[in-house]
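One chain, chain A, appears in both complexes that follow, with chain B as partner in the first and chain C in the second.
== the complex of A and B ==
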């Protein structure tokens, strides 16, 4: 079978699996976020947390709960990382320095999972399993909760800005969605050859007489939520390129599927929550169009392999696992940057210039196709509101989305949301390439060096977490800069989303009129796709021109 | 840098975010599309104060949004 045929078959299998699971999981997610019933285990959690699960929170209270919960989580991970030498299962690793511990804590709490350290050489099992894996679950659940709150805000009418209960959403997302799926997939991973143990590292003598350290660790359990929660923080430095973390091509395909599973299903659930399945279908379709284009373009870029060396070798295999090849690497690379995952099964720095540019563009798109768990949905809904606003201007009517008028306050909140991440990215890149401490972390100068810096700040501010691999980010400067970008890039947009949700929940539903733009038809899908591309294009093209585009033309 | 600096940075960031929540909440006027005299039996009444007329006119007028 040729590489191209294998690539096409793999893609078709992935699409078929997602087509089956998206409506099923979507229906279940809609039930989870709207059901009035609590499970016994959930009631126990509410009693421990001393919260009333039936309290309908105002958006302000909901946002403060998100911020308070995340800050406490950040401080806990910081403490565990700093004190790991004094804690059990540290494997003798020293505690992280203040800058590194803060960067790591922010990274995992913000669902970014940027890793400045090598997991197998710096993080003990306790830190990995309790500090990091716990945040993999709850940070994903926070994203889903915010998306559910926005959907409920759109569905409700004259509700006084009440969006539901954050603690209920958090617990349900964790207990009813993430934990069961992660448990099952962890078993699949173990059956596929992934390791799951608490063994100490073994040093063995190789056939050549050298010494090699064989690592252990609870890898499968972390791996499943790493992908399911679009987290991306690997147990090992090589992430999903490591054979213990991604043993074979089948598991690789399952990993890509897991990355995309919940984000697509959340969009479907949205349609059910707002009681118009077609709206969810339109969002899913837009996500699918953008994702298909990105996967196809990146696969083409990597398989056509520009440059003398790659033409002679017949493939652009530098930095890629021979077990997976170009197509599976490109598919993984697209999936991980289209979502907020950041896991890698190949080194993105070694991608062809267009391929690396697409990875960057995917993140700059705001990770909305399908995006992170929850964050992808609310990001796409923000773009949908921009779309109806622009169309409203064109036809001279007050724009509305799902019966909610988009007035001055609504569009200001959306504009703030849209501008936050590009501002962080471009300011962050400017600081990084003008400060000597920033330049010191780059492996090369010129366009590729700019791409390294641009990729890092883009990844951080968009809460992706993948790296170009050439950058040395374990310094105080980079840890602090990227930490700030991750924190603000996560929580500023969440505040704007919840404020908008509260606004919608307060407003009454307006009946559709002759001037209402239908938001469930192919025309709207096309408009929304165009708006997503234009917004990103206008914002980032100058920076991309100086980096990957200049490099590919040189 | 010491632990104190990063703990202070954390508190500063989250305090700033909490402040932003407060500012947005105070700046967001009540729903201009909400007619408080039109009550549906199956829906809870909005618990926010009424919008005054000038605010309502400003927010419903798209041209006002464009001007700003």
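== the complex of A and C ==
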């Protein structure tokens, strides 16, 4: 079988698996985020933690809970990273410096999982499990909670801006959704060859008589939630390229599937929560169109192998694992940048110039196809509102989405949301390439060096976490800058989304009229796809032209 | 002021929930997964270690390496791995790729050097050398080479070990893994298990 046929069949297998799971998990998610009933164990936990699970929170209160919870998480990861040498299971690794600990704490709390450090040389098991694995779960659950709150806001009518209860959303998302799936897949991963132990690193005498260190760690238990929660932080430096983190091509496909599983299902759940399944279907379809195009284009780029070094070698295998080959590497590379994951099974910096450019483009889309767990859905809904607004302008009517008028207040909030990330990316890139301490981190000059910097700030502000990893980012300058971008890129948009959700929940539900743009038809899918592409195009084309496009053409 | 007080109150609730999360997700969950894995799949969970006869083991003192990790090999009697950017080569304490770009002159130079070495070693023209042989993997720990690169090394390995090419080819076939489920990823040859088989056959 030719490599191309195999690549197409692998993609079809992935699509089929997602087509089966999206409606099933979607229905379950809709139930989780709307059911008034608590499980017995949840009720007990709420009592012990002294939170009221039935308080219907105003959007401000909801946002305060998100921020307060995340701030506590940030402080705890910061403290564990700083103090790890004095804690058990540190493997003797020193505590992180202030800038490094700040970067890592923000990184994992904001669902970014950018890593300036090398896991096997810096992070002990206690930090990995109680700091990082925990944030892998809860930062994902926070994103899902915010998306659910927005969906409920759209579904409600005239209720004074109340969105539901954050603590309930957080606990249910974790206990009813993420934990059971992560638990089962962790065991599947071990069966496939992934390690799960707390062994000290030990040395073996190799076949050739040399020595090799065999690393250990509770890898599988972190790995499953790393992908399921679109987190992406590797247990080891090489992330999912490392054989202990991704032992074979079957596990690799499971990883890609896990990355996409919840984001697509959240969009389906959205349709059910707003009581119009077709609306969720339209969002899922738009995500699928963009994702399929990105995967196909990147696969083509990697299989055709442009670049002087690539041509000389004969194929784009630099930075890729033999067991995956070009196609399965490109599929993973696309899935990880189309969502807020950022795990890598191959080194994006060594991708062909168009392949690396698509990775950047995927992130610049705002990670909406299908995007991070939760964040992908609310990002796509912001674009949907822009779409109805533009169409409303064209026909001269007040636009509405799902029966909610899009007035001045609403569109201002949406505009703030849409503008936040590009502002952070472009300002961040400008600062990075004008400061000498920014330039000092780049491994190379010219268009590829600019791509390295642009990729880093894009990845941070969009909470992705992947890198053109030749960059040396473990410096005070880069750790501080990227930490700021990650923090603002995560929590500013969340506040705008919740404020908007609050307005929707306050507004009256209007019946659709003759002038209402139907938002469930193929026409709307096409318009929304177009708007997503135009927004990213207008914002980023100049920057892309100087980086990956210049390199492709040179 | 009111907002700051509210944030403080929500943070206290957040702290209580976070403590619960750490106990459940940071302690109970990984320990449970470890426990089940260690009891039911100890070989996998401890790194797929193998002995010099290729037998499975969980003891590092009996192992020559992990079936999943490539290792430095510079023995002309055995099959060679891909170049590696992990530390001084195949160092699991510093896993990584070269992260050199597709047009990087340093990468061009490195590829040319490896091509010359392989062409001389195997007595083949540069054009016959497959891409994986001259490029380093993403992890720097790639346990595998392509069937094409294995094929290229058969003549040398057969000659240096006094084995027939047919025998070596059979060993290569036995250590070749097709695409998973017939379509996933790419076919590969596990170098460590292959080299163990070669040493065994040459004895």
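Worth pointing out:
Note that in this section the second predicted complex is superposed on the first by the 546 of 554 C-alpha atoms of A that agree within 3 Å, B and C clash if a C-alpha of one lies under 4 Å from a C-alpha of the other, contacts with A are read in each partner's own complex, and residues count from 1 in each chain.
One rule holds for everything that comes next: a residue touches a chain if its C-beta (ideal position, glycine included) is under 8 Å from a C-beta of that chain, and two chains touch if they have at least 3 such contacts.
What you see is a predicted model, and the numbers here were worked out from it, not measured in a lab.
Superposition note: with chain A as the common reference, chain B and chain C can be accommodated side by side. Greater residue coverage of chain A by touch, when chain B is weighed against chain C, goes to C.
In the overlay built on the shared chain, the residue A:1 is in contact with chain C alone; chain B does not reach it. When the two complexes are overlaid on their common chain A, residue A:227 makes contact with neither chain B nor chain C. In the superposed model, A:369 lies in contact with neither chain B nor chain C. Of the two partner chains, neither chain B nor chain C is touched by A:432. When both complexes are overlaid on chain A, the residue A:398 reaches chain B alone and has no touch with chain C.
In the superposed model, A:492 lies in contact with chain B only, and not with chain C.
By the touch criterion defined above, A:71 reaches both chain B and chain C.
Once both structures are overlaid on their shared chain A, chain B and chain C have a minimum Cα-Cα separation of 7 Å.
Touched by chain B in one complex and by chain C in the other are residues 60, 64, 67, 70-71 of chain A. Taken together, the chain A residues at the contact with chain C in this complex read 1, 3, 5-6, 9-10, 13, 45, 48-51, 60-61, 64-65, 67-73, 76, 118, 120-121, 129-131, 133-134, 137-138, 167, 170-171, 174-175, 179, 182-183, 186-187, 190-199, 201-208, 210, 212-216, 218, 220-222, 236-238, 241-244, 247-250, 252-253, 306-310, 312-329, 344-347, 349-353, 356, 443-444, 448, 451, 468-470, 551, 554. By the touch rule above, chain C contacts chain A in their complex via residues 3, 6-22, 24-27, 29-30, 32-34, 36-38, 41, 44-49, 52, 60, 63-66, 68-69, 71-75, 78, 82, 86, 90-104, 107-108, 111-112, 115, 129-132, 134-146, 177, 179-186, 188, 192, 195-196, 199.
Residues 59-60, 63-64, 67, 70-71, 74-75, 78, 82, 98-99, 101-102, 157-161, 392-393, 397-399, 405, 407-409, 411, 413, 476, 480, 484, 487-488, 491-492, 495-496, 499, 502-503, 506-508, 510 of chain A are the ones that touch chain B when the two sit in their complex.
Taken together, the chain B residues at the contact with chain A in this complex read 1-3, 5-7, 9-11, 13-14, 17-18, 20-22, 24-25, 27-35, 38, 40, 43-48, 58-60, 62, 64-66, 68.
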